[in-house]
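Each structure below appears as C-alpha cells.
Next come two complexes, and both contain chain A; in the first it sits with chain B, in the second with chain C.
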Partner chain A sequence: MAKSKPTRVDQVVYLLTYPLNWLEERTSSPGHSGLIGGIKYFLFRKVPGDISWGNTLGSAALTAFIVQAVTGVILAMYYKPDPNSAYESIRHITDDLWAGWLVRGMHRWGASVFIILLFLHMGRVFLYGAYKYPRELNWIIGVLILLLGMLEGFFGYLLPWDQTAYWATVVGVNLQATGPFVGPFLGDVLRGGAEIGPDTLARFYSLHMLVIPGALAALIGLHLWLVVRIGVGSPPWSPLESGPEPGPPPAERKGLVTPAPRGAGVRRR
Partner chain B sequence: MNRRLEERRAYYARYKRNVKTNGKPFFPWAMFEDTVMSLLVVCVIVALAVIWKFSTPHEDPGSSGWLGKLYDEKADPGTTNFVPRPDWYFYFLFYLLRIFKWPDSVVLGTVGVPTIALLLLIALPFIDVGTERRPLRRPVAMTAAILTIITMGVLTYKGATAKEPLAAENLVLVPQWAQKQGYADNPVAVDGAKIFAQVGCMNCHTYEGAGTSNLGAPDLSSIGKTSNRGVAGFADYVSNPSKFGNNVMPQFQDLGADNLRKLGTFLQSSGNCNPKTSNCPAAGGQ
Partner chain C sequence: MNPRRDVDPHEGQGTSHEPTPTIWPVGFAVGVACIFVGLIISKIVLVVGVVIAAIFGILWIRDATRPFRGAEAPSETEAPKPLPPGRMAAHKDGPDPGEGAVVRFPRSKFLEATTLGLGGLIGVIVTAPVLGFTILPPFIKQGHPKIDVGAIDDYPENKFVIATFMLKPEDGEVSRRTAYIRNNGLLGESPSFTVLSNRCVHLGCPVQVNGLPLADETKTEKTATNTVTRIPTAAAAGFGCPCHGGQYDTEGNRTAGPPVRALDRYEFEIVNGRLLLGKTFSVSEVDGTGADAKIHTYPLAGPGQHVDGPEGWLYPVQPPR
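Presenting the complex of A and B:
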C-alpha cells in the first residue's frame, strides 16, 4: 500500500489530539489504559438499558456535595473561626458581601439537600436490592458517607457562633461524653478543654473543612470507582437481570444464561 | 460447594453479559438524565437560599422568614436560658433521649441505640443474603424498611414538635413552689428558685410537675431530701457536674458563686427540708 501524504485534516487532528495522546502515554502502562482511556471507558461503558430517573439520585447527591465544597471554599475566605469575630464575620458575609447571602444560603440549605438525597439514594438502593452481591462493599462505603455527612452537619452547626449553634453543640458534646469508657475523653477532645470556647471552635472548623470533607471525598471517589467497576445495577423488575429464578441449581439452567436477543423484553430508548 | 455463592456468581456473570449485549452507553443516555437531575438539585438549593433571604423582612433582618432566621443572637455562654435545637436530621436522636431515663439507661439513647442501628445498617448485606431483588418477593426486608422509615419519621416529628417551657412561664410558678415546699420565708431559696426557673435547668429537669424531662434528667422536687448534699455541696455540683461523674449535665460555674449559693439553698430546701428550721437531717458535703 502506497503511503499517502497526510492531508490537512489529518494534520489538524494530530495537532489537536496531541496533548491528549501525550497525557494518555504518560499515565498508562502496557496493557493498562491511562487517564484518557479511563475517561473514555467511564463515558462509553455500557449501563443496563432500562435504568432511569431512580438511578440519578447518587449523582444528585454528588452534585449537592460539589455545591457544598465550592460554597464552603468561598465561605472559608471570609469566615473567622474565633469566638470574638465568628458571629460578626457571618453577618458580614450575609449583609455586606456581594451575593454573600446567596453563597451562605446555598451552603446552609445545600447541607439539608445533601442529607435528604443521601437518604433517598439509600432508599432506592434498598428498594432495588442493590446492596446484594457483589455490591456489599459499596453499601458499607455508602453508610460511612451518610455517617460522615451527618457529622459534617454537626461540626458545621457550631460555626455561626449564635445561640442556636452554641447551645445545640453544648448538648451534643455532652451527649457524646455519656458514652462508656471513651465518652468523657471524647467529650474533652472535642471541646479542647472543659468548656466550649475558642479551642472548640477552631477544632470544629478544622474537622468541618479539612478532615471530614477529605474523608468524604476519598470515600465518594471509592464509591464511584466501585460503581463503574462492578456496573450499575438494573431495576429488579427488569426481566433479564432480576436475579436467578428459583428452581434448579445454576449449572442445570445454562440455557437461561445465554443472552437474550437484542431488545427482547427490555424497554429501549 | 456453596450453592448460594455459585448462584450469585452465575447471576453476576449473566448481568455482565446482558449489559454488554443489551446495555446502552453511559454517554449520552444515562448522563443526560444525571445532568438534568444535577441541574435540578442546584436550582432547588439556589431557590431555598433565595427564599430564605427574601422572605426575611427587610426592615427587621433579625426576624424569621419562611425558612427561619438568617441569624440568631450571638452566642452567649452566660445565659443558659436557651432551648437547644439540633439540625432537623438529628431530631430523631434528640427525641430518643427523652425516652430513656437518666442515669441508668440514658447511655442507651445517646450511644446504645444509634450504634446498634448503625451496625445493623452496615451489616445489612450480610443479614439479607438472598439473591432475590424484586421488592414484592422480599417481604421481610420490605417490612423492616417500612417500619424503620415510620419510626424515623415519628421520632423526627416528635423531636420537631417537642416543646420546652419558656423561662417566663416557669418564673410565675416560683411563689407556688415556695408556698408548697415551705421556703416562702427564705428569700435566698426563693431567689435560687427564680434562677432555677430562668437559666435553663427546666429544659431537662422537672420540678413540681413543671419543666421537661429531657435526657432523662431526674425530677428535683425533693432533691434536698433524696440527695441532701447541703447548700455548698449542691453549688459545687451544679458548677461542675462532671467532677461528680455526671457528664450529661452542662457546667454552670459561669453563674458565679453568689448565684450558685442561692441555687444550692433552693435545692437543699426542696423536699420540705428548710435549713432555717431545724427539721433537716445533717447536711452532707458542707
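Presenting the complex of A and C:
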C-alpha cells in the first residue's frame, strides 16, 4: 500500500507532540510505558463503572495537599523562624503583602480541609470495605498519612508565635511528655531542651516544612502507586469485577476460565 | 548496545599471562608521594622521593620483565596450602577447580562485600554525628543561671509577691518566667522563703494567684543580669490554672483538678541580703505551712508526670536538666 502524504494537521500534531514523544522514548523500555505513557495510563485507566463521587475524595485530599505545599513554599519566602521576628513576619504577610492574607488564609484553612478530606476519604474506604485484601497495605499507608498530616498541623500551629500558638504547643508537647518511660525524653527532643525557646521554633519550622512534607509526599506516592497497581475497588453491592482492568459482571462469564487480573487475586474485590 | 556476552567474568584469572604478585609498586607509590610532597615543602624530601621511586621502580620493572628476559619465575609449583573454610565455601557450588588448581575468592564477591561493608561504614560515620546533633543538644549544657530577684527586704512577710524575670535574657521574652515568692520570716536565724514555680504540673500552663495582684504597687528593678518585676498580692488564697482548672493551696499542694502533684519550687540562696533563685525541683506534697513546712522533694519532672507512688514508676529516668 502506498504511503499517503502527511497532511498539514499531521505535521502540526507531530511537531506539538515531539517533546512528549522524545521524553517517552527516553524513559520507556520494551514492553513498558515511559513517563508520558505512565501518566496517560494513570489518568485514563479503566475503573469500575459504578463508582461514585465518593471515590473522588482521595483525589480531593491530594489536591488539598498540593495546595498546602504550594502556599507553604510561598509563605516560607516571607516567614522568619526567629522568636523576635516570627510574629512580626506573620503580621507583615497578612497585612502588608499583596494577597498575603489570601495565601496565608488558604494555608491556614487548607490544613483543616486536608484533614477533613482525609477523614471523609477514610470513611468511604471503610464503608466500602476497600481496606480488605489485597488493599490492607494501602490502608496502613493511609493511616500513616493521616497521622503525619495531624503532626504537620501540630508543628505548624506554633509558627505564628502568638499566645495561642505558644500555650497550645506547651500543652501539646507536655501531653506527649507524659508518655511512660520515653515520654520525658520525647518532650525534650521536641522542644530542643527542657523549655520552649528559640530552638523550638526553628525545630518546629524545619519539621513542618521539610521533614514531614517530605515523608508525606513519599507516602502519597506509594499510596497512589498501590491504587494503580491493585486498582479501584467497586462498591460492596456492585456486580462488577474490580481491579486494574475490570472485567464484565460475573454472570456474563459464567463457565469461562478467566485469567487473574495482574497483581491481584481472582476473587471479586 | 553491545550484545550481552554469556561468559564467566572470572575467566582467565590466575592464568599465566598475569604478572606475578609483587610488592614493589607500593614502594614506588610511596616514592611518588614523597616527590609531590617534596615539591611543596622540602628539597630533601624531594630527593628522598626520587631515590625511593627509582629503586622501587627498577625492582618493579625487573620483576615485571622477568618472563621476557628468560629469567626463572618464582616457584609456584608447591602443593597448594589448604584454604580457610570461608574461601572454600565460596566455591562450594561452583565448578570443581581440579586438583592442584589455585582456588581464588571470586573478585566480584570481594568487591560486593567491600562495597557493602564500606558503604555501611561510611553510612554509620556520616549518620552518627548527624543523629547526635539532632538528638543530643536538648540534653546537654542546658544549665540554669542564678537569678537575682531583689533584696529580701523587698518581700514582705507572709505575703506572696509575683516576681517575673528572664531565665536567659539573651533569648528574649520567650525565656520569661514567673515565681510566686513568700517571705516566711525566720527559721531559727535564717530567713525562710517559699518560692513556687507558676508552671502548672498538669500540662504546663501558667497558674494564677487566687487573690488580688496589686498592680499599682508594681516595682521593676534592673539587676546585674536581669530586669525583675515584682507585683505584691493581697489575700492570696492559693493558685488556679486557667487551662484545665487545676487548683493549689498556698503551699502549692493540689486541692482540685487534674494536676498530679504539688507545684514545683525554685532552689534559693541569700547572698549579701539578696535573694537568688536557682534550679527548679519537683515536689510530691508539702506537710505543714510556711517556715515549718516539710517538703517532699524530687528531681525536676515534666508536667503531668508523677514523681511518687506506683505511677512514678512510669518515669524512672528523667532527662538531665
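The criterion applied here is as follows: the second predicted complex is superposed on the first by the 226 of 269 C-alpha atoms of A that agree within 3 Å, B and C clash if a C-alpha of one lies under 4 Å from a C-alpha of the other, contacts with A are read in each partner's own complex, and residues count from 1 in each chain.
In this section, a residue touches a chain if its C-beta (ideal position, glycine included) is under 8 Å from a C-beta of that chain, and two chains touch if they have at least 3 such contacts.
Keep in mind the model is a prediction, meaning the values are calculated, not measured.
J.: Quick one: on chain A, after the overlay, do chain B and chain C clash, or do they fit? Just give me the call.
T.: With chain A as the common anchor, chain B and chain C collide in the superposed model.
J.: With the two structures laid over each other on chain A, which partner does A:V171 touch: chain B (first), chain C (second), both, or neither?
T.: Both partners, chain B and chain C.
J.: According to the stated criteria, A:N21 is in contact with first (chain B), second (chain C), both, or neither; which is it?
T.: After superposing on A, A:N21 lies clear of both chain B and chain C.
J.: So in the superposed three-chain picture, is A:S85 touching just chain B, just chain C, both, or none of them (first/second/both/neither)?
T.: neither
J.: Mind working out whether A:F181 is in touch with chain B, chain C, both or neither, as first, second, both or neither?
T.: Once the two structures are laid over each other on A, A:F181 reaches chain C alone.
J.: When the two structures are laid over each other on chain A, which of chain B and chain C touches more residues of chain A?
T.: Looking at chain A, the partner in contact with more of its residues is B.
J.: With the two complexes superposed on chain A, say which partner A:G193 touches: chain B (first), chain C (second), both, or neither.
T.: second
J.: Between chain B (first) and chain C (second), which, if any, makes contact with A:G129: first, second, both or neither?
T.: First partner only, chain B.
J.: Which stretch of chain C would you flag for clashing with chain B, going by 41-49, 59-67, 203-211 or 221-229?
T.: 203-211
J.: Would you mind listing the overlap between the chain B footprint and the chain C footprint on chain A?
T.: Overlap of chain B and chain C footprints on chain A: residues 83, 167, 170-171, 174-175, 177-178, 180, 183-184, 187, 194-197.
J.: Quick one: which bits of chain A touch chain C in the complex? Just the residue numbers, please.
T.: Spelled out, the residues of chain A in touch with chain C are 83-84, 167, 170-171, 173-175, 177-178, 180-181, 183-185, 187-189, 191-199.
J.: Which residues of chain C touch chain A in their complex?
T.: Those residues of chain C that touch chain A are 135, 137-139, 142, 167-168, 171-175, 203-205, 243, 300-305, 314-319, 321.
J.: Where on chain B does chain A make contact in their complex?
T.: Of all residues in chain B, those touching chain A are 3, 6-8, 10-27, 29-31, 33-34, 36-38, 40-42, 44-46, 48-50, 52-53, 61, 67, 70-77, 80, 82-90, 93, 97, 106-107, 110-111, 118, 121-122, 124-126, 128-135, 138, 141, 145, 149, 215, 240, 242, 247-251.
J.: Would you mind writing out the residues of chain A in touch with chain B in their complex?
T.: Those in contact with chain B are residues 42-49, 51-53, 55-57, 59-60, 62-64, 67, 83, 87, 90-91, 94-95, 101-102, 104-106, 108-113, 115, 117, 123, 126-136, 139-140, 143, 147, 150, 153-154, 157, 160-168, 170-172, 174-180, 183-184, 187, 194-197, 231-232, 234, 236-237, 240-244, 246, 249-251, 256-257, 259-260, 262-263, 266, 268-269.
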